Amino acid sequence: MLSPDKFLFVAVMMFAIGLIGLMLRRNLFVVYLSIELMLSSVNLILATFSRMHGEMDGGVVSLLMIAVIAAEAAIFLALIIYIYRITKSVDSQSITQLTHKRDEA
Amino acid sequence: MQHLLSMILFLPLLVAFTMGLLRVSIETLRMATFGSSLIVLLFAVVVAFYFHLDGGMQFVHNSPWISHYGINYSIGIDALSLLLLLLIALIMPLIFLAIWEEQRKGYFYNLLLLQTGVSGVVMAQDLILFYLFWESMLLPIFIMIGAYGYGMRHFNAMKIIIMTVLGSMSMLLAIIYLGYTHYATVGFWSFGLSDLTQLAFDSKTSILLAGAFLLAFAIKIPLFGFHTWMAPAYSSAPTAIVVVLSAIMAKLGVYGLYRFGFTLFEVPLGFYTPYVILLCLIGIVFYSIHAIMQRNLKRIFAFSSGAHLSLITLGLFMTNIYAWSGGMYLLATHAIASAGIFLMIGMLGRRTQDIQIAHLGGIASIAPRFAFFFAFFALAITGVPGTGGFVAELLIIIGAFKYHFWVGVVAATTMLGAILFIFWTLQRTLFGTTQEATKHFGDLSAIEIGILTPLVIILLVTGIFPSLLLDFLDASLSANLEAFKGGVK
Amino acid sequence: MIWDLYLVMPLALVFIGALFLMLFSLVKQVELTNYNLVTVAFLSVSLIIELIIFQNVEHDYLFETIFAKMFIVDKLSTLFNILFLSGAILTLLINNNYFKSRDYYNGEFFALLLFSIFGMMMLAHTNELITAFISIELASITLYVLVGYNHHSPKSSEAMLKYIILGSLAGVFFILGVALVYGVVGSTYLGDIYSYLIHHQNSDISLLVVGMMFMMVTLLFKIGAAPFHSWVVDVYIGSPFPVTMFMATTLKIAIFSILLRLFLVDFAPIYPLILEIIKVVAIATLLLGSLLAIAQTQLKGMLAASSIVHVGYMLMALYAIGVGSSFAASAIIFYLISYFLSALGAFGILSFLASDEEKRHLSFDDFKGFAHERPYMAAAMTIFMLSLAGFPSTIGFLGKFYIFMSVVETGEILLAGLGILIAFISIYYYFKLIALMYFYPSPNPKKRFPFAISTLLIVGVALMIVWGGIGTGLIPFVAGADGLLTIASEALKTIGK
Amino acid sequence: MESIIFFILAFFLLSGAIMIVFSKESLYSAIGFLMVMIAMAGMFALLHHSFLFLAQILVGVGAVVVLSIMIILSINLKEENQPKQNITRKNILFTTLIIAPIAGLLLYAIAKAPFAFAPIAQHFGTIETMGKVLFTHWVLPFEIVSILLLGAMVGAIVLSRRRLHVES
Amino acid sequence: MEALLSLIVILPFLSATILGLSYLVDSKKNLSNTYYATIALTTPAIVTLLSFVLVFKMSTMPHDTPLYAHLFDWVKVGQLHIEMRFMLDRLSMIMIGFITFIGTLIHIYAVEYMQSDEGFGKFFAYFNFFLGSMLLLVVASNPIIMFIGWELVGLASYLLIGFYHKVSSNITAANKAFIVNRVGDFGFIVALGVLFIALEGQGFSFEAIEQGIGGLSHSTLSFVGALLFVGAMGKSAQIPLYVWLPDAMAGPTPVSALIHAATMVTAGVYMVARFGFLYNEIPHIGEFIAYIGAFSALIAALMASFERDIKKILAYSTMSQLGYMFIAVGLGAYGAGIFHLFTHAFFKALLFMGAGAVIIALHHEQDIFKMGNLRKVLPQTFIAMLIATLAITSIPPFAGFFSKEAIINHAFLSGHYTLWIIAMTTAFLTAYYMFRLIFVVFFAHSTKTYPHLIPLGKMIIYPLIVLAIGSATVGFLGIEHGFAHFVALPDRATPAPTHLLEYGLMGLNILVALGGIALAYRLFGTNPEPPKANIPIKALFIHKFYVDALYNRLFVDTLRSLSIFFDRVVDGAVIDGILGLLTGGYKDLGAKLASFQNGTVKTYATYVILSVSLMSLALIYLLEAQ
């Protein structure tokens, strides 16, 4: 028999993997996808709770979340293109002028 | 009449603001500044004239300021406040005369702000108001030392601000706690001194609170251990500020202790008394010895100032009528004497561009008037009879003997302390043969004599007829002493 | 209904303004100043309406039949909206010169700014967590782009990159928290959460606490509180001056509007858990912020790092709210206003100077002898620094004073003591700037005071700071120290549970 | 039966997630993301959210994933343009250690809560019920989301339209 | 009467002020010396006249009704009620009589002596100031006012010693005088403090103290008495505070005459006599005083015997004579002590003025071994000096004989034989070194001539003559203890001597003195040799027992190195060091923290997530704890 716990477990795992991606990878694409992954996992949680409560509210919020994910995606992808254009790379560390030590410049 | 104090308080600020907005020329600014300081002096004299000797707090004015927290614009004066107010009102015009030739406008603006700050400190009867003035007088000092000072002025300006703010911050915490306790126990907000004195605390809390206040004042005075800002600040500061530092600001530390420490914390101060007295005694000896090998005139007299302030504080903490009268008397006379000596060091510096003792000498033979005044003020600082300092020291020493024999003995070393360095200083500054720096030393001008003469006269009058001023203080001091003793019981 | 329309006007105006500018920006011939003026015009009208609303509104739900009870209009939200709007107006007007001096600004900039303000206003009005999340996202996403608006500078792009990644990362936590709360309560209204807590005193609320904590993570991140402060300095330094100014002042207030709402709904059962964390965060924020600020070698960095410290003070008060202080909330609002004015002024002077071609990279050295070059501006800057440092007779002092007062009320004397200690340390880095301005001779000749809208506003802000610090009922219609507090407490009275 | 589907979906979901994070090639990550999105849609279906399933397929898969892949292809991301990064075992261990408390806290709290699926109404998840709730309770967020999308659009346009002119 | 008494004190101060102001205002030197001299001389003359009037009036009145003059309340705080009130009893009457008289003579002498000095006006301002202070000290009716006068004479002596201020060593001497005096004053003020607190509420005038001390414990009184004497030590140059006196000769010679002979240095003796009622309660302290006096007398005489500077010889002799006085007052023979003080004022002033005449005639030459044969060129001076020398060596019938004999006899009669022996030895040495001076200066080198001798004016000679007459005659006042009875001090009684004993002692005294003269003549009568430090004991005498060096090492060097230690270590290293550590540590910590801001997003993200993770851990803990 399915229980909310199982869905929630999967969502938490997704979320955790997303966090790992953020900490591990410099590739902007991966970073972006990790964040999307985390957002999606929240979506799953919402949907699960909606089903659990037997109310549609969570589902509606999930729907709104899909839109938010899309908005994030838009801005992220634009950023990736922009960064790629100026550095010819999708490395998140391709520009690091803003460190403490270089402030004097 | 009711607003006379407020006028004294805000006239300088108003003048500074107006002049700043109108972008007046330096000549106008100078005249306006001097004029305003004279008007303030006049007002202060009027206040003194209408002051009742045994009337306690007078010229009280209260108006709500931050009503949510019961903070009032609450001012008033008693005898000691009036004494300090008169000192301020007297010294400021002299300072303005002394910097008459100054071309930098910042001098005048800062000094005007400073005058408002220091006047506010002696008038404020609300702790927040007091704190406001207490802090705001630092800013002009900071800027003047840093902008117009000498030597390591930037560092020293920072040092004075950091060290003194440390103290006032601790006081702020205590003030907040007091105010809140008043709210929590009495039921309405108030930061008025008279309201807060009604509060009762358990001994641990009150000791902590008193300590927080004490720290602020100890740094300002400065007591031994809290003094390392003093000599650098004095040596870096321009004349006007040194005069204010020594003649007014240090005294305000004692004043604060008297007005707030001794009214709010009768019992816990008893806990601190031995330590403070120890610090004062160490200070008397330490500063005097420290001054001996200093090479800079300002530093020497900075330490002398420190020694006297320690003596005043000592007088305050011995809580008997001799010591209190003596302390307050010394507060006044030392303010005058140190104002004189530092004004003269400024005049000397303007002539020689150098106040290193090693480069001076022989002034007495080519500038006898300068030598006379300089020696007079220096001797007044050592407490030669005939000047007010003697009376004060005598009273404090007697008070010290009343307190404890050994305290009396160490307090009496103040007779030796000052002479240890002052006579050597006089020898190397005034006497002997002239050097490169003093070869063309011009004697005092008429204006300079005009600046110094009132101070000399005050010192002589206070020395020869001390009862004039002592009677003036007596009623107020006795009443406060009674109140304090009552509070302790 | 008409009243509702009236209430919605300010938001509508901002949104319409955003759309208008978005379309208008396609017309290339328009001068930049005109965009600016149009934006300011929209915002001003909106501000005026808000001011009128503030006088009349008590506690109201906008279009209750349509929006359910999500859109709350009370004095608190109106007050916050007034702050956002005036913040934005001041930012725009003070930066008028700056915009003209840079070629990368265009109509879209203003459109994005308006979108961001719209998000913030929404945030102040909302009573519900999902709406809050979306509002935060709206305010942030547009701000990301604004941060990277200077495409001449790799630093600006780098700041944007960091801000987007970290901001999105933090944002996820909020919605995660909301989801968990929803899972427990079955609703995302603050009121429902409150009544759930009242009615389910015995049931397990761990998940609710966890959800709350994740929500706090995001909010703490957005205001730049301590363990999440790493982005602050870099992003502030990297962004263009107007944006830094906007972020430092307005965005922070917006986040506090929702934080206040969260804390003012009395979540008593979960406080013991959350408050401990908030306390630690507040302490860490104060300490780390002041440490960072003292180490900064760059002016903007110093201001950025010191803004962390200011957040620490407000967190202290937030903690006090939770512990039960009755005046902490108004203290926070007052502090927000005081910080808002001070930081606005300080950044304003920076941007005014930076609009000068020679001083593109504004550093500490550019302020050497500033007082001799521009005495009035230096005086204003001194006032801003004093206010930030909490020197008495400025509004900043009273702000800190109220905060400490509320902390003392809770009995946390040591916490208040720490706050005062940090305030003491902050004297050092703020006075360093004052020292630079006054202690050095100026390399340039003395300049006349430029009578422009930006400079006049800067002086005006300085006067407001002083008036806010010492102002009394002397001038009846200008809210001084006392009046502002009255306004704050009035606003707080109108929020319902 | 549902459990089996769930486990299959969960397997795909998590392996997709792992693929996102650990692939060296951005395109594989994108494909991993596609897997996640599709599996998510499946999950929604399992949860009786029929409309969400639809929306997920349309927006998640149809828009977001496709757009991502398109962009990877369009900027012609080559091997040498991607950051060289050795994902060492130490790094993974380190990050896992950091993550563990977060996941642990979530799981701990979830485990403590007595969760169970309630019996559901007949029209749960359908487009009508969805619409009804959306337009009675959630109009405001819905509107704001639309504004958010608009704002994001403007932002994206601003970002992608310009070139960097680094001053010397 | 009261007004006259007040005037005596006020007038000198007034004229000092006028002179001082005139000098300061007159920067172009328009005012002539005559102007200054007129004012400067009128005042002491009037004061002398007034004091003589008072002396005659008072002499007719009974001794226990002093004259009081109340001016104003000086201080009135709590129980401390100090009036500015003057008291004229027999003791102070004698004092003001000879102070004003001799003071006037020295003023006259100084007009001539200082004629060519550019600081003429200033000098007399100081001089009048000094006179006023001394009179204030003497007529004060309570110890506090006395202390004021006490301090002011110290100040005046500082100013006058350092009068030639262009030479730094003179100022050093002045500083030394003032500082050493202040050390004594320290004792004085401590004594006053203790005494006041012990007597609090009973008033603090001399009469009140006299009545009050009955109730005080013996130890308190001893303490007060000893410390008061410390004050006297400083002022009257007794061991160990005598070091300033020889150096004080740096001032102009009239100064030495006035201050270090006639007046200031006697203040200590006066004070002990004034407090006689107190010392009578504590005879052991009195004995201590007497011993200090005796040793001072002996050591000063030894040092004088090897000195070659004419003024310093006189300075040591002053110290020696003061020692005698302290023997007297210590043993309770206040009358004898004051009598010696009185006669000493005459002959010592005369000696100094004579020495001054010699010095000025010889172009400021002070080394006696560069003089000689002056008997022929300066006959008046020679005679005056000779009379004074005979007086000091106590050859009858000159003044010193009567006073010194009274003291020595008192020591013997009261049973203090050690003191008596010391006093006799000193008397021998006194005769020796004084006649050594006379022989070397006036007799030796009988062929020596002085081509550039400066002729001495009348204003120098006449005071010499007046004083010479005084030195020769005032001793007769003491016959049959007439003087002592007149001053009516509370002398402690001694057993009355038999006539045989009395004449025996007298003869012994004269013999000892003659022996000293004979030795001096043998060694220095014809061909004097300057002293050489060829044996250790002589070196010790010539270098004044190395006391100056010892004091330098002990006090000056210690204080200086302590000062440097305070500056470098206490302030610099400890206090500022701690502050520096705190601030520097905070800054370093800040820098370290800032270096964590390494600028990479990945790291920042890790920080964020790590923080969340830590918060999660905390929350797990909190939830579990709940």
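Chains: A, B, C, D and E, in written order; residue numbering restarts at 1 for each.
In this text, contacts are C-beta pairs under 8 Å (C-beta built on N, C-alpha and C of every residue); 3 or more make two chains touch, one makes a residue touch a chain.
From a predicted model like this one, the values you see are computed outputs, not experimental measurements.
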Greatest separation from chain E - chain, by CA centre: D
Between C-E and A-D, the pair joined by more C-beta contacts: A-D
Closest chain to global C-alpha mean, per-chain Cα centroids: B
Whole-Å gap separating chain A and chain E, where each centre is the average of the chain's CA atoms: 96
Rounded Å distance, chain B centre to chain C centre (Cα mean): 43
Distance from chain C to chain A - Cα centre to Cα centre, in angstrom: 26
Centre distance in Å when chain C and chain D are each reduced to the mean of their C-alpha atoms: 31
Multi-partner residues of chain D (at least 2 other chains): 95, 98-99, 102, 105-106, 108-110, 115, 137-138, 141, 145, 148, 151-152, 155, 157, 159, 162-164, 166
Touching two or more other chains - residue numbers and ranges from chain E: 594, 597, 599, 601, 605-606, 609-610, 612, 614, 616, 619, 623
Chain A, residues touching no fewer than two other chains: 15, 18-19, 22-26, 31, 48, 52-53, 55, 57, 61, 64, 68, 71-72, 75, 79, 82, 86, 92-93, 96-100
Chain pairs in mutual contact under the definition given at the outset: A-C, A-D, A-E, B-C, B-E, C-D, C-E, D-E
In the complex with chain E, residue positions of chain D that touch it: 95, 98-102, 104-105, 108-109
Parts of chain E lying in touch with chain C, wherever the complex brings them together: 586-587, 589-591, 593-594, 596-597, 599, 601, 603-605, 607-612, 614-616, 618-619, 622-623, 626
In the complex with chain E, residue positions of chain A that touch it: 19, 22-26, 31, 92-93, 96-102
Chain D contact footprint on chain A (complex, rising order): 1-10, 12-21, 23-27, 29-30, 32-34, 36-37, 40, 43-44, 47-48, 50-57, 59-64, 66-75, 77-82, 84-86, 88-94
Chain A to chain C touching residues, read off their complex: 15, 18, 22, 28, 31, 35, 38-39, 41-42, 45-46, 48-49, 52-53, 55, 57-58, 61, 64-65, 68, 71-72, 75-76, 79, 82-83, 86, 92, 95-100, 103-104
